[in-house]
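First chain A sits with chain B, and in the next complex the same chain sits with chain C.
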Partner chain A sequence: MYQPMLFVHWKQARLLLVPFVVAAFGLPLMVVQGLGSGPEGGAVAMNAYLMVNGYQTWLPMFPLLAAGVGAVIALTAWNWDHQQSHVYALSLPLARWEYVMLKMGAGVALVLVPGVALWLGAHVAAASVELPAGFQMYPNQLALRFVLASLVAYALLFSLASGTIKTTVWIVTGVILFFFVGDAVSTGLGTVIPFFRDYNIATEAAKWFVSVGGPFEVFTGNWTLIDV
Partner chain B sequence: MSNSIELTDVGCKSFELRDLSLRVPTGSIYGFLGPNGSGKTTTIRMFMGMMKPDRGEISVLGRAVPKELPRILARVGFVPERPHVYPALSVAEAIRYHSSFYPLWDQSWADELVTRLGLDPARKIARLSKGETGKLLLLLALAQRPDLLVLDEPTDGLDPVVRRDVLTAVLDYVSETSATVFISSHLVHELERICDWVGVLDHGQLVAELPMQSFKNGIKRIRVADAPDVPGDTPFVILGRSQGDAFTSVETWTVRGWQDPMRQYFEGVGATLRDVIDLDLEEGFVELLRSSRPNNHHRS
Partner chain C sequence: MCRPRPAGVLAVALLLWAGAPHAVLARQAGPSPQSMEELERRLEALRPRLQEAEAAMEEALARRRAEQAALERQPVDTIRVGPLRIVTPPDQAELAQELFSDVWNEEFGNVSGSPSLERRFFTFQWRVRPDFIYMVPEEDGGPPVSRVELHRLVDRTRARARARILGVLSEALLNDFTFQSPLRRWLGRGSLSDLELASAYRELALSAEASGVHRACLSDEAAACWASAGLGYDGSMATLERWFPPEVRRQLAHEGVALSNRFVRERLPLDPGTEEWACVEEDSQAACDRILQANFGWPRILPYVRGVGLSAVEWTLFWHALQRGGEGAWGRTLERAETDDPGDLLTYVSGLSADELAASWQDAVVAHRPLLYADLATARWSVLLWILVFAAFAMRSTRWRST
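Moving on to the complex of A and B:
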């Protein structure tokens, strides 16, 4: 059952995935591109200043790309089912959780496609530069982080997209309200309680989401292709 | 007699099903009649486990819904009102996908049906005509070798040739396997030819459920002279009464459950039975619906 489910998901997502796969392969190459020519026209000799600058220019693109991959795969997972009001899915002889898990699993396999493209691109990029002393390439780690970030985005959006529009609107509204109310309450309390002058519930919650141990830490961590 | 589908006092506020009880005998071809919006599709969704009733009990093929749903659905072939297969797949891909969920899938028969129904395996579902889509849905339902076929308006909007192909395929399957068929439609003539049981639904309520033969033979229009104002305890059900013109005392009654010996009733109440007119199924269906509606006036 898994294989046909994967095939159906692939059929639906493949065209949308093409630009992401191309970008995933090309992005590591862009990181090292234009940083000067090597003495023998082969591997590029880089100096530390250029490398750090180039690296930082492209850095935000990796998590954005990962989020995009997750979003495309999650939305295409449910698109046809939503269009048919889930009648087909509900008429199949599977427990609902089993169907959801098969669908989820199919998406996980698809996340690997741009992940592998990025891994290949990162290796090609690594082979095309000559690093200054003390620096190293981390193509495997970068690809792994990319796949993990894509999976986080996929899992989040898959669960949101699996529900009705009403449910999704409720959840998203709830999150937005939490931040607005948290901010307003903290500001209000700050006028009365000194502790809240330096402590904002909304800001702290946002920090927790992206800090070490938070669910979105993988997006804000170190996207390392080149490092010491 | 065992039942393939049993609904007991099923109710659903949001879809106005009111204490619906329904029995579909095993091995029957059960026609589920009702006007548009009467609740036919909702009823099907209830016993297919797609919607949860507010109250009541449902069992299909002897198993409880929704508790044993996957085991039930493995033995049920379903053709929904609107096409539900994924449009970007080709016919062959849809068949392959569908077959992977059904342990009793009969691939050789599926291949035979593809040829017999004139489907092109390489064609995308999005490019199929309505008739071809209907045939594909039926193929998917039949090739899984179901014990119960549930067809929701399967021939609605199809041309007569395709309609015949579809119904012939169903009848061939039934004659070969003795499967139960539950077929919902508002096309009365279509069901008249193939069904041996009929249930009539109107405004979420089952108005009648009986063998097709009784339904067809039992609904009559009779002309009664000197009819009593209050008919009293009649051996048949009066669905409607209408007076003739102002110069005669002959009334026309539409009755259900009619049998010839019931003529004696009229002698007993001082009336005279002038005529007994056969109604076809459609007329009977219309009269039945008229009589079941709350604003019906028995005497017009």
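Moving on to the complex of A and C:
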């Protein structure tokens, strides 16, 4: 059952995935563009800090790309179910949870496609430049982080897309409202209760989302391909 | 009410305009020498009245500032941590005490008798929306003030708050030395925010290709660490040859020449026949080597190798010397900072020889090798957990349950 599920998902997603796969392969190459010491070993290495600053401008693209990959695969996962009003799914001799797990597993396999592209791109990038002594490339770590970030984005959007549009709208609206109302309420309370001058519910929630243990920690960590 | 007619207004304007050139011509003719003297005399006579008016204005402005400040003023407490006086809102006093004590005890344990810290006040707040803490400005006779006013949205962690406190204290502490002191000139523009040994490691490692001296330092050569910090070397050509390949020696010498005052500030051409000319214009290795040998200790060359404006190596070495020096180290620094060469000062302050101090600092730096690459550390487990949580949500389809 897994194989046909994977095949159907692949058919749905493959065209949309092409630009992401190309980007995943090319981004590490863009990062190292113009880096590496020349044959004389001088000026570039001497401006090592400039070099680091130069490639760091590309780094925010990695989490964005991971989020994009997750979104595309998640949305295409439920596309045909929604189009056919879930008739196909209901006709299968499967429990709901089994169906979801198979579908999710198919998506996980598809996430690996851009993941592998990025891993290859990072290795090609690492091989294409001769870095000054002291620098090291970390292609495996970067690719692993990319795959995990894509999986988080995929899992989140997969769970949202699995429900009805109405449910999704409710959840998204609820989250947005929470941040607006949380900020306004904390500000208001801050005028009468000193504790809330130092504690903003919306800020603390946003911090928790991206800090250690939060769902989006993997997006805000270090995406450095090159370091000492 | 009688309103002026437009025609009348126009006529008056025309008359005034017609008269204006005469007035201008009269002014252009200029006063006679006698009337000039008269004017000067009258001007002088007006000067005291002008000064009185200015004084009155200053007084009024100061009064207005004080009134404004009184309106904006919030209740504050003043707490003490070591020699530090910290002005903070009462509800933040405990937090201020805690954070300043942590930083002071950990980093400034050997600092005592700092005149600038004893004079200075520090304000502290760490809020979502910090208020303004009014302090009498220095120009109105108030004490010097350093502000640690942190925004919780920006400075989110305690580590960040501590780093900001550390930076502000270090800037205040630097005022113990004049700008001309050899120590301050050697330390450059950094601050104790550069105190992270990991930053020093990065500075050295990132330039290790170009600079064999940095490579040698990271490979346990104490003398190279001393030289890496711009504190001099044994002066031999053999050492320079060991640390730098010929093309890098030429490049360093070019930098040495280019950065010299004569070349940069006065933009004078190099004199043919001089060592500098031979090095730059003829690319003579021998001439460049001799320039480098004579100027290697020059503080501007090594920062160029490491990266302009980076001073974590100097700062961490200075701070390491203070920590090794133990009690009274700051007093010893104050004693000689204005006169001694930085290398001599560091050995005096730490009570260690140059080699011992450099080796000890090198150990500390290598022990703090940073790991900043895309490592996931504990994130991979939390990521897997969240994926499972989202998958569990996905298994509960409202659509299926409703059909």
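As a working rule, the second predicted complex is superposed on the first by the 216 of 228 C-alpha atoms of A that agree within 3 Å, B and C clash if a C-alpha of one lies under 4 Å from a C-alpha of the other, contacts with A are read in each partner's own complex, and residues count from 1 in each chain.
As a convention for this text, a contact is a pair of C-beta atoms (placed from the backbone, for glycine too) under 8 Å apart; a residue touches a chain by one contact, two chains touch by 3 or more.
Values in this document were obtained by computation on a predicted structure and should not be read as measured data.
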Which of the two partners, first being chain B and second being chain C, lies in contact with A:Leu148: first, second, both, or neither?
second
What is the contact status of A:Pro215 with respect to chain B (first) and chain C (second): first, second, both, or neither?
second
Of the partners chain B and chain C, which touch A:Asp227 in the superposed model: first, second, both, neither?
second
Looking at A:Leu92 after the superposition, I want to know if it touches chain B, chain C, both of them or none. Which is it: first, second, both, neither?
first
In this superposition, the partner of chain A with more touched residues, chain B or chain C, is C
Using the superposition on chain A described above, determine whether A:Gly190 touches chain B (first), chain C (second), both, or neither.
second
Look at A:Thr173 in the shared chain and tell me whether it touches chain B only, chain C only, both, or neither; answer first, second, both or neither.
neither
Under the stated touch criterion, which partner chain does A:Lys207 make contact with: chain B (first), chain C (second), both, or neither?
second
Which of chain B and chain C A:Thr57 touches, first, second, both or neither:
neither
Can you give me the overlap between the chain B contact set and the chain C contact set on chain A?
86, 90
Show me the residue ranges of chain C that touch chain A in the complex, using the header's touch definition.
91, 126-129, 152-153, 156, 201-202, 204-211, 215, 218, 245, 247-248, 251, 304-305, 307, 310, 369-376, 378-380, 382-383, 386-387, 389-391, 393-395, 397-400, 403
Per the contact definition, I'd like the list of chain A residues that touch chain C in the complex.
37, 40-43, 45-52, 86, 89-90, 96-97, 100-101, 104, 132-136, 138, 141-142, 144-145, 148-149, 151-152, 155-156, 158-159, 162-164, 167, 186-187, 190, 194, 197-200, 203, 207, 212-215, 217-218, 221-228
Using the touch definition from the top, list the residues of chain A that touch chain B in their complex.
1, 3-4, 7-8, 11-12, 80, 84, 86-88, 90-95, 98
What does chain B use to touch chain A in their complex?
48-50, 69-74, 76, 78, 80, 82-89, 93, 96-97, 100-102
